[in-house]
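First chain A sits with chain B, and in the next complex the same chain sits with chain C.
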Partner chain A sequence: MRIAATAERTDAAPAPARWWMYLRRDRAGLVGLVLLGGIIAAAIASPHITRYDPLEPSLSEAFQTPGGGHVLGTDQLGRDLFARVIAGARASLLSGIGALAISLLIGVPIGLVSGYAGGTWDDGLMAAVEVLMSFPGVLLAILAIAVLGPGQRNLILAVGLASIPVFARLVRGSTLALREQEYVTAARALGATPSRIAIRHVLPGCISPIVITAVLRIGTTIVTVAGLGFLGLGGDPALPEWGAMLSQGQEFLRRAPHIALVPGVAILLTVLSVNLFGDAFADALNPRLQPNRR
Partner chain B sequence: MTRLVARRVLRTVPVLLGVSMLIFLSIRLIPGDPALILAGDRATGEMIEQLRTDLGLNRPLSTQYAIFVTRALAGDLGVSIRTEQPVTMELMRRYPLTLLLAGAAMLFSVAVGLPLGILAAVHRGRWIDKTSVIVALLGVSAPTFLVGIILQLYVAVRLGWLPVTGSTGWQHLLLPAISLGIFPVANITRLLRGSLADVLGEDYVRTARAKGLPESLVILRHALKPALIPAVTIVGLQFGSMLGASVFAEAVFAWPGLGRYLVQAIGYRDYPVVQGAVLMMALTYVAANATVDLAYGWLDPRIR
Partner chain C sequence: MIRLFVLCVTLALLLALSPDSASAPAARGTLTWALHVAIDRLDPSASFALATGMAVGRNIFDRLVEHDERLNIVPGLATQWSSSAGGRTWTFRLRQGVRFHDGTPFNADAVVFNVQRAIDPQLRLFAGTFAWSGVRSARKVDEFTVEISGEQPLAALLNNIADSGLGVIMSPTAVQRARDPRDFVPTGTGPFKFVSWVPDGDLTLEANREYWGPPAQVDRLVIRATPTTSTRVNLLEAGEADLITQVPIHDIARLNALRGVEVAVRPATSWTYIAMNTSKPQFTDVRVRRALNHLVDKRTIIEKVLFGVGRVADSPIGSAYRAHRSVKVYQYDPGLARQLLEEAGWRAGPDGVRSRDGQRLAATLWVPVGRFPGGAEMAQVVASALRGVGADVRVQEIEFAAYLAELRRGPGESRIELVMAGWGTSDPDTGLRPVLHSESWPPRGNNLAFYKNPQIDTLLDRGAAAVDPSAREQIYGRVQEIIMDDAPWLFLTERREAVGWRSHLRGIRFIPSSAGLIDVRQASLSR
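The block that comes next holds the complex of A and B.
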């Protein structure tokens, strides 16, 4: 009986409130959410949390172990690792979101046109997408960097390009299903233009899978950005970027392993929290798992 | 089956054309004179002119592309700017090392993921199941380069059990292969745990149990084969994506494979090498994915 009552109540609630109701019951998802919230807060407040400058070298203080005057120690140039790692949180999250935005901005329209227009448009666009999918994502990003040149902005663009196929195919699939719906036929009968139908009537129906996939992709995106930074393709190595920090720390594994471990743990915690939250979020939005999924 | 193979192989032809076109165009997209870009800064005017004629750089793009494909098919990918050696030769020296690394990583991931997935499905809710869930979660969250550095720190530097970098013996292969294999271990475990648990609930499994077969036989002989299908697909697809991730494992352990060579080539702006290495990896990726499709058809007669 209680189950039925819950179902009734949640159906009446607006979407975000309903998601929260499911999310709240998922302990792993909550842990992820709290962790992620902390990381985002640190990223936003990063310039104000510590008095140390993430870029200012201080050779007399180099290689300090965590715990002393510097909470997480200092690196080979005496830069404060706590200041660098939270500045890096900002860079990582922004690059991850930026890359995701690029793949959405290009991938979603491709999928929409491909699925709704069909015919030659569909064939051509999907052939292009299939070519992009013939590369491992990382390799595509590396090729893009080779063309664009290293640098933070190019890196974001490159990683974004690599995820375009994911969204293009997703949106195409949803569009194909939606375009046969009666309300779309009705809109067509009323004389709405194809672009209006695609944007006003079909696209809203694709939002939920797009959001779920985007959230689940954040982890991959952040890892790819950090990975390319690790390979030295992110541009200025002095900037506090987790991948580049890790790569510099690798040189001092014997003498001062914390220089590598601090950014390493930061990457792991971020991706872990994003994945935990992402899985829970996808479950909460999945109508097949509702209302009582456990 | 022959028809299936033929159809799948035919389907790769347009894809390969597209891949080669993208790689061909990417070099032309770099601002500047392609002859200068492909010949390098140190090239003499004469060498640049020679290259211009060879690659047809004064002729229309379509002709240039035709020349590029014809030459690539003949195994001619140009000359490395840095070493002045034929790119194909340089690639062939490194390619087997990357395949070896990816193969070893795959072996590791199957050797760990398979038993872990089976044990987790059979002992649902027990400690081994919970361990597998945590392993899988950490495995998908920890990037290859991070796993590599942590292994390097604890196993090689601290304990001294294995060498830190290098490529002269099997000991050098272990750590890079493990760091590359962690992600697929996580995927295989997660997938097999799910699919085997589903199969174990089927009627014919109950029948097998009812006729008194020992549980190990029920699992190994009856339940495992259908449960393996999704796992096999994932293993195959993982092999492809491992080619991408091998770049990171090779960077951490200075493993002299294709990925490390590619990254170095970007640093030296050695574009003929970049072009060749990317082409090589993409070809392998396409071939690996086609093989997966075929293996899938062989395992599951329904989709033939």
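The block that comes next holds the complex of A and C.
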């Protein structure tokens, strides 16, 4: 399938147009895209949408129910939940994407070297990746935070490090198949250096599985970051991180359920929209499902 | 071995309950107590765990002296005591006719055995460092008289023995028989006898019918480790637990409104504060420390964050202490705080943060995750108030093990700037020395502010040697005044413990010492 994707690169229509053609017919994907767009817009514009400060407590306004002056109510310290949840959108999306970027930046080169160079490189790198994979991702992230110390930046780093194996193995697999292709052999015969072949001829062939996996992983990454925040590993409890907000709110579940409900729904909607969009996107990239072939 | 023991006591219990036996005392039913902390081991002399002191230490064992609800010293296994040689020697007259649960007679030999074991440096027992702190020898005078002495006056001895589970008197036979600590059967003289224990599960005890004092009013006492707050609350609501500790503060009002459930908020000797590291340039100036104290709106914090469960700190130690003196309260006054900071030369920069000689008034406030009820919320409110006058304070929640590790860093390498902490015992010496004496700087003690004041050191040393109650009161009163004035801490609140129980449970007592807290020895169930 991946090989096929490479072979289809000569198709007539430009890629984005083809993706859109497919995506347009996928209702769920569209819903996801619209939701995600809204969340991204809110995240970007968050400081300008509401006049309330998401950080500073105001005890006289604590535990207000949704409606009235505060659309989504206030939390246990009187902070506006709407202000906090949209400020959290920025934090959650950035940490999701940041963690993903880290795992891509480290995981892809590992997979490429391991798959293309083979031999001792392959054995050594894959042994290391295997060790990483033998731990559940969350556990690995907790371990990383124990070493690095708590805080948003370390949280992102920890989650990023924990999902390196996913990309390393994915890229290695693709590389193993691609390096036996005739065009690679041809490049080698023309005297191209191994690094040039790996980067210019093999890596482009891995792009589509990488992109599909990456988009589908954003949701997982956001949930992992929120999970670690829930466990209190995010450092500053004042930061409007959704997982931490959920964890603080669960204490008051009987008294003021909205405090936990608001960030909970935010996580749900974001992950749902990313996944709906990601599925549609993956289908759109998949040449076997091209609409014009049906 | 344990199984045989359990079999024996079960048989004994069956015999005791059979109609042929002599008319049974009023003891009836099983009292189930969901405790918020877990027992770590069965030997209270080797454990600092609250649960071990409270559940094992209080019910299976007795001490030479005990605390009552007002922290007065009352007779326990000793009926009379006196001190001589300026408090260096204490003589205890022992209760006669008492037997341990295994039949071993209680006498001077048993006491000497326990003290010598506790202070044996090779065994490294907490009992030696805390309950019998400073004790050098124990001597049998006659069958029922013991003399305990130290090189320095033992002014805090009685409080230290009574305070926690560490001062227990255990059956020498049972201790000697247990070659391996895992074989140890906790055998004391207390109102309840050991039946079984499942780690992180139930500790099951049964009434000791030969108890020398007022007998237990229930047949069985089951203490269940239940660290999850919602589980404890559900057990109480469902009637599966008769008693729970640490009711979540925001749930008190709701539970109190339920039929058949009662919640009480009782004083504890412990308190919560934020230590300012006085060795850091931000906090060397007393005016800064006072200014920050004026920014903490303790009344609103107690009302809104702690749901009324707490008391504004008016002294470094809690008001349950006999030695407590109500010194003063730093009133909430941001204007005065600004003025003090200006006087001290801290001027606001372009970003609003104050600085002096290139040093920014910035700090990280550490809070351990989940250790203090409302701790993270209190920290956020305090940090926000401090930011309001140009002190850039950020809260960082840290996991408890990491917190403990940070607190053990010595001077020079300590990264503490502001840290939330708690303390509390029942004697002013153990209440103040480990947190304020300059010899108690980490890693040796818990003087987290790295506070050093020669006057305080001298007073604390004198207090530890003063046996006369009025002299102690005077010395520790002075210490409290100086500390409030010198403000090495942000004074927050005195703790209160919220305890919930089913209405049919009667006769529980609250003793505000380290491990006393809840005394169920006389509790009864009316169905």
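The rule is simple: the second predicted complex is superposed on the first by the 279 of 294 C-alpha atoms of A that agree within 3 Å, B and C clash if a C-alpha of one lies under 4 Å from a C-alpha of the other, contacts with A are read in each partner's own complex, and residues count from 1 in each chain.
The rule is short, and it goes like this: a contact is a pair of C-beta atoms (placed from the backbone, for glycine too) under 8 Å apart; a residue touches a chain by one contact, two chains touch by 3 or more.
A quick note: this is a predicted structure, and the numbers were derived from the prediction, not measured.
S.K.: Could you tell me whether chain B and chain C fit or clash when both sit on chain A in the superposition?
M.R.: clash
S.K.: Given the touch rule stated above, what does A:255 touch, chain B (first), chain C (second), both, or neither?
M.R.: The answer is second: A:255 touches chain C but not chain B.
S.K.: Given the touch rule stated above, what does A:88 touch, chain B (first), chain C (second), both, or neither?
M.R.: neither
S.K.: After lining up the shared chain so the two structures overlap, which partner does A:128 touch, if you call chain B first and chain C second: first, second, both or neither?
M.R.: first
S.K.: First (chain B), second (chain C), both or neither: which does A:264 touch?
M.R.: Once the two structures are laid over each other on A, A:264 reaches chain B alone.
S.K.: With both structures fitted on chain A, tell me whether chain B or chain C touches more of chain A's residues.
M.R.: In the superposed model, B touches more residues of chain A.
S.K.: A:146 contacts which: chain B (first), chain C (second), both, neither?
M.R.: Touch partners of A:146: chain B and chain C.
S.K.: Taking the superposition as given, does A:272 touch the first partner, chain B, the second, chain C, both, or neither?
M.R.: In the superposition, A:272 touches chain B alone.
S.K.: Now for A:32: first (chain B), second (chain C), both, or neither, which partner does it touch?
M.R.: A:32 contacts neither chain B nor chain C.
S.K.: Name the contact category of A:232: first (chain B only), second (chain C only), both, or neither.
M.R.: both
S.K.: Would you sort A:62 into first (chain B), second (chain C), both or neither based on which partner it touches?
M.R.: A:62 contacts chain C only, not chain B.
S.K.: Check each of 347-355, 401-409 or 473-481 in chain C against chain B and return the one that clashes.
M.R.: 401-409
S.K.: Which residues of chain A are in contact with chain B in one complex and with chain C in the other?
M.R.: Dual-contact residues (chain A): 146, 150, 232-233, 254.
S.K.: For chain A, which residues are in contact with chain C within the complex?
M.R.: Of all residues in chain A, those touching chain C are 55-57, 59-60, 62, 76-77, 146, 149-151, 232-238, 248, 251-252, 254-255.
S.K.: Of all residues in chain A, which touch chain B in the complex?
M.R.: Answer in residue numbers: 127-128, 130-132, 134-139, 142-147, 150, 219, 223, 226-227, 230-233, 243, 246, 249-250, 253-254, 257, 260-261, 264, 267-268, 271-272, 275-276.
S.K.: In their shared complex, at which residues does chain C touch chain A?
M.R.: Within the complex, chain C contacts chain A at residues 229, 248, 250-251, 254, 300-301, 304-305, 367, 369-370, 376-377, 379-381, 383-384, 387, 394-399, 402.
S.K.: Under the touch definition given earlier, write down the residues of chain B that touch chain A in their complex.
M.R.: 14-16, 18-19, 21-23, 26-27, 29-30, 137-138, 140-146, 149-150, 152-153, 157, 240-241, 243-245, 247-248, 251-252, 262-263, 266-267, 271, 274, 278, 281-282, 285-286
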